[in-house]
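As structure tokens, the structure follows; a few thoughts come after it.
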Amino acid sequence: MKKFVNDPKNFVPEMLKGIALANPDTLKYVPEYNLIMRADAPSHDKVSIVQGSGSGHEPAHVMVVGKGMLDAACPGDVFAAPPMEYVLETAKLVASDKGVLLLVNNYTGDKMAFEMASELAEAEGLDVRTLFINDDVAVQDSTWTVGRRGVAGNFFVMKAVGAASEQGADLDELVRIGEKVNSVTRTMGIALTPCTPPAKGSPLFQLGDDEMEVGVGIHGEPGRRRAKLVSADEIVDELLGAVVPDLPYASGDDVALMINGLGGTPISELYLLYGIAHEKLAAQGVTVGRSYVGEYCTSLDMAGASLTLVQLDDEIRALLEAPAEIAYRVF
Amino acid sequence: MKKFVNDPKNFVPEMLKGIALANPDTLKYVPEYNLIMRADAPSHDKVSIVQGSGSGHEPAHVMVVGKGMLDAACPGDVFAAPPMEYVLETAKLVASDKGVLLLVNNYTGDKMAFEMASELAEAEGLDVRTLFINDDVAVQDSTWTVGRRGVAGNFFVMKAVGAASEQGADLDELVRIGEKVNSVTRTMGIALTPCTPPAKGSPLFQLGDDEMEVGVGIHGEPGRRRAKLVSADEIVDELLGAVVPDLPYASGDDVALMINGLGGTPISELYLLYGIAHEKLAAQGVTVGRSYVGEYCTSLDMAGASLTLVQLDDEIRALLEAPAEIAYRVF
Amino acid sequence: MTTGQERVESVVRTIAETCVANETYFGDLDSVVGDGDFGYSLARGFENVLAGWDAYDRSDAGTFLQKVAVTMSGRIGGTSGPIWGTAFLRAAGVVKGKDAVSGDDLVAMLRAAVEGIKARGGAEVGEKTLLDALVPMTDTIEARLAAGDDADAVAKAAATTARAAAEATKELQARRGRASYTGERSIGSVDPGAVAVAVLAERVAETW
Amino acid sequence: MTTGQERVESVVRTIAETCVANETYFGDLDSVVGDGDFGYSLARGFENVLAGWDAYDRSDAGTFLQKVAVTMSGRIGGTSGPIWGTAFLRAAGVVKGKDAVSGDDLVAMLRAAVEGIKARGGAEVGEKTLLDALVPMTDTIEARLAAGDDADAVAKAAATTARAAAEATKELQARRGRASYTGERSIGSVDPGAVAVAVLAERVAETW
């Protein structure tokens, strides 16, 4: 394992400590519950927004806590949903008079932890609503399965409800907005290499030198199929071929296009993919009104990328354009 | 080679096209000279700032073009200084009445290209000044060598002169500021894995499963020595042990601390390193007044990180805090 | 067959120590079509249990099991925290206030755990989860107790059934949990949760 | 020994084709203590030369070489663009207006190229650059011409010297260019630029 790490069991707490030390004026780290929160939370003139998930997806979600996005993030261990108790305590710590919105990526473990926690929080008198994000088209939704996964598209839900809450929207309104953004957001990813969880110390799966995993999950879950590695052009065709017809996105649509790096892929390659996707969409009559290129929701050190489309309307566009001040910044 | 790429020879132009497509209102891509420039450049009430270097270090420098930072970046091929002609044409395209400042990382190829180009630009009547950046403590400076390399510390020079130029500083003033920032900036890096240039298709060097390269260059050049991989704590000791005594940074100093990812290392590990470095500096009486964690100057897909310190004073701090609007953004 | 509270505690200790010892093995099983953290979650969970052990209120078997449950579901994440926590919690309810556990109690505890797991995660038998080992194992225990076998023989039979059932999950397609995302590709590998049940049953039988 | 402009052009074509053919080999040499792009830079540079070939003004040998120089230094980056471009430019200056090249011209061209390289990059012989093959090779050519050898023999002797000199760079510590960053670790591997000179000299000798 080639990682910067001390004791792998302390990987997550040590990372969280680093985030707090780098942002002393704006963020607070609460070691007992493994959480990062805004130093000024709760603010009683806005709904508080919390997202939890396993760790290993940074900057999601601990690095997008701040004005205009999350009020707190409660991560679990690497790739493990947070314990129910941590979710509950996080909700209590940031509980605002206007309520708490819990954002959850749709996975079995996360779903259970958040459902248990929100039941208990309600029992304690908190006004809590929970919203599930499930943008991953790689997984077929059906009553026989656990439903689609939440992946990089969660950024758009967080950004939209974060902006709306800053503008004073109430809990019902935030749920409406979050569900709306989730409903027009679709993602699919491709892995070129596996990732290595620090505590495991070895790659999570094996991938041949000339292979890629199409539709990979952000926890290294296998995707739709394993295929021979092809050119960037063909990869974009594959991703658009899965994402575009799913909603479907149609000629005349104005979209946000995100090329998200999975952790080990340099941003140069992401921009290369972006350019190809932008042009292919334009050729289909789909206009990219807003672009996102970089790392938003990663899978540790996995080389790979995901492509997300969001159908824009005036409301969503304005919320995405609103300012935000988060730890994950450049200058 | 596991990369998103079509024909490797088109890797750089395809990336540049992607950058321009993602930023249609603010950036322009000029394929003839392989350059990215602000759409509104030149602006005659400010000095234009240009940085060139090989590609493969993204976001440096093509993704930090924009208000408050560069007016243009002219990259060469991966790891190759730009051709002299491209530097010259870039300077001409953004030439402002207040002059042009050329920023160059101190490498043989870059130095020659920029010296030739600025001679020719002056011959054509342009007011040009050139500033070399050389923050890498891994390399010993002496009259027998080509001097120290410019690495991730170049961010601080770009940011400071970019802000000052936006505030109306003239060329002499910018040179003063740039030299001052460069003189108080020191960096050292460590590689955990080699990088793979797209056109080469295989790793640039070999590193054992339990080895790291201490003092590595951002082009994969070997560093001070090869050593056994150690814990994150010990790695930070090694980096601080090289950087701190070099200026030296002393108790009572207020510094900017940057943990820069070299391309393949996830940001979670960078924050972990940041937290350790922040605390070790504090224990030495050095206060971190400003923090930078993420990718600033990479080496393709190399796993690794560099640590940079900048001695802050009121002038430098204000310039670093000034706003900027660049392609490399999050929301 | 009736056992005292000490035996309940020693079985829980065996379970805890076995999960800690099998961290890597269970993690590797979860790497095949999951995310590799099953071993880590169980090991950290039961490490917490072992660390809290001496401080647990053990006024009766039920109270003791409830403390174990709270540690698991409160402090451990992933799917396993809520699932295993709920299982222990429901089992605890059956023997609340009792300091001895009869054969009938044991079967009722396991049935309660199974119902709790189903309620919490929405899974049924045949969907490739730990239920596919736990339910047949419980059936065997019930049958052997009814047939009058002694505790040792019951434990051995339970282990044999759990192992066979865990191996048989290889043929199943996952419909719950992370493995379900892979659809047909989940066929061909065993379910880590079911194998964990088999390993634990074997270890309990060995140390009876 | 005097050769016509056609021979000058055919030597340049041999150089160009040999650099294109050795892209991977030269790149691998540059990976040892450099950044691996030496082969790529030369190959792309000389591909440009070959692509521009038919359009080049070739009114005389000097003009032709100047066009080659401008292509190399104007369009090719890295260290090699300016270094090789300057070398061709200085050589071009010696034969400007001439359409035949004498033995003395050849030596003067090589000396001019060497001076240009030194001026551009600040290197001296012994600092582990292509100069360490180019200078001894030029000495040999001058000596063999003075001794009255025919062109073929001169070319073969040049190649032999260049190869030996390139191999000898192994013993040197790099003081210029990217390899110099490694200090003593640069000892033990050959300089890519010097080896390129040797390969080109051998190929020119073979195809004379």
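Which chain is which? They are A, B, C and D, in the order written, and residues in each are numbered from 1.
Heads up, the rule we're going with is that contacts are C-beta pairs under 8 Å (C-beta built on N, C-alpha and C of every residue); 3 or more make two chains touch, one makes a residue touch a chain.
The structure presented is a predicted model; accordingly, all values stated were derived computationally and were not measured.
K.L.:
For this structure, which two chains have more C-beta pairs in contact than any other pair?
P.N.:
Of all chain pairs, the one joined by the most C-beta contacts is A-B.
K.L.:
Sort the other chains by how far their Cα centres are from that of chain A and give me the top one.
P.N.:
So the farthest one, by centre of C-alpha atoms, is D.
K.L.:
List the centre-to-centre spacing of chain A and chain B in whole Å, with centres computed as mean CA coordinates.
P.N.:
29
K.L.:
Counting in whole Å, what is the centre-to-centre distance of chain B and chain C, each centre being its mean C-alpha position?
P.N.:
Centres of chain B and chain C (C-alpha means) sit 54 Å apart.
K.L.:
Between chain C and chain D, what distance separates the C-alpha centroids? Give it in angstrom.
P.N.:
Those two chain centres are 74 Å apart.
K.L.:
Chain contact graph: line, ring, star, complete or other?
P.N.:
line
K.L.:
If two chains touch, include that pair; go through all of them.
P.N.:
Pairs of chains that touch one another: A-B, A-C, B-D.
K.L.:
Note which residues of chain B are touching chain A in the complex, please.
P.N.:
2-6, 11, 14-15, 17-23, 55-56, 58-59, 63, 69, 159, 192-193, 209, 212, 229, 231-233, 235, 263-276, 278-279, 288, 291-296, 298, 300-301, 303, 305, 320, 324, 326, 328-331
K.L.:
Going by the contact rule at the top, pick out the chain B residues touching chain D in the complex.
P.N.:
9, 54, 76-86, 107-109, 112-113, 116, 138-140, 144-146, 149, 197, 199-200, 204-205, 217, 219-223
K.L.:
Spell out the residues on chain C that touch chain A in their complex, using ranges where they run on.
P.N.:
Contact set of chain C toward chain A: 27, 31-37, 40-41, 44, 73-83, 85, 120-121, 175-178, 180-183, 185.
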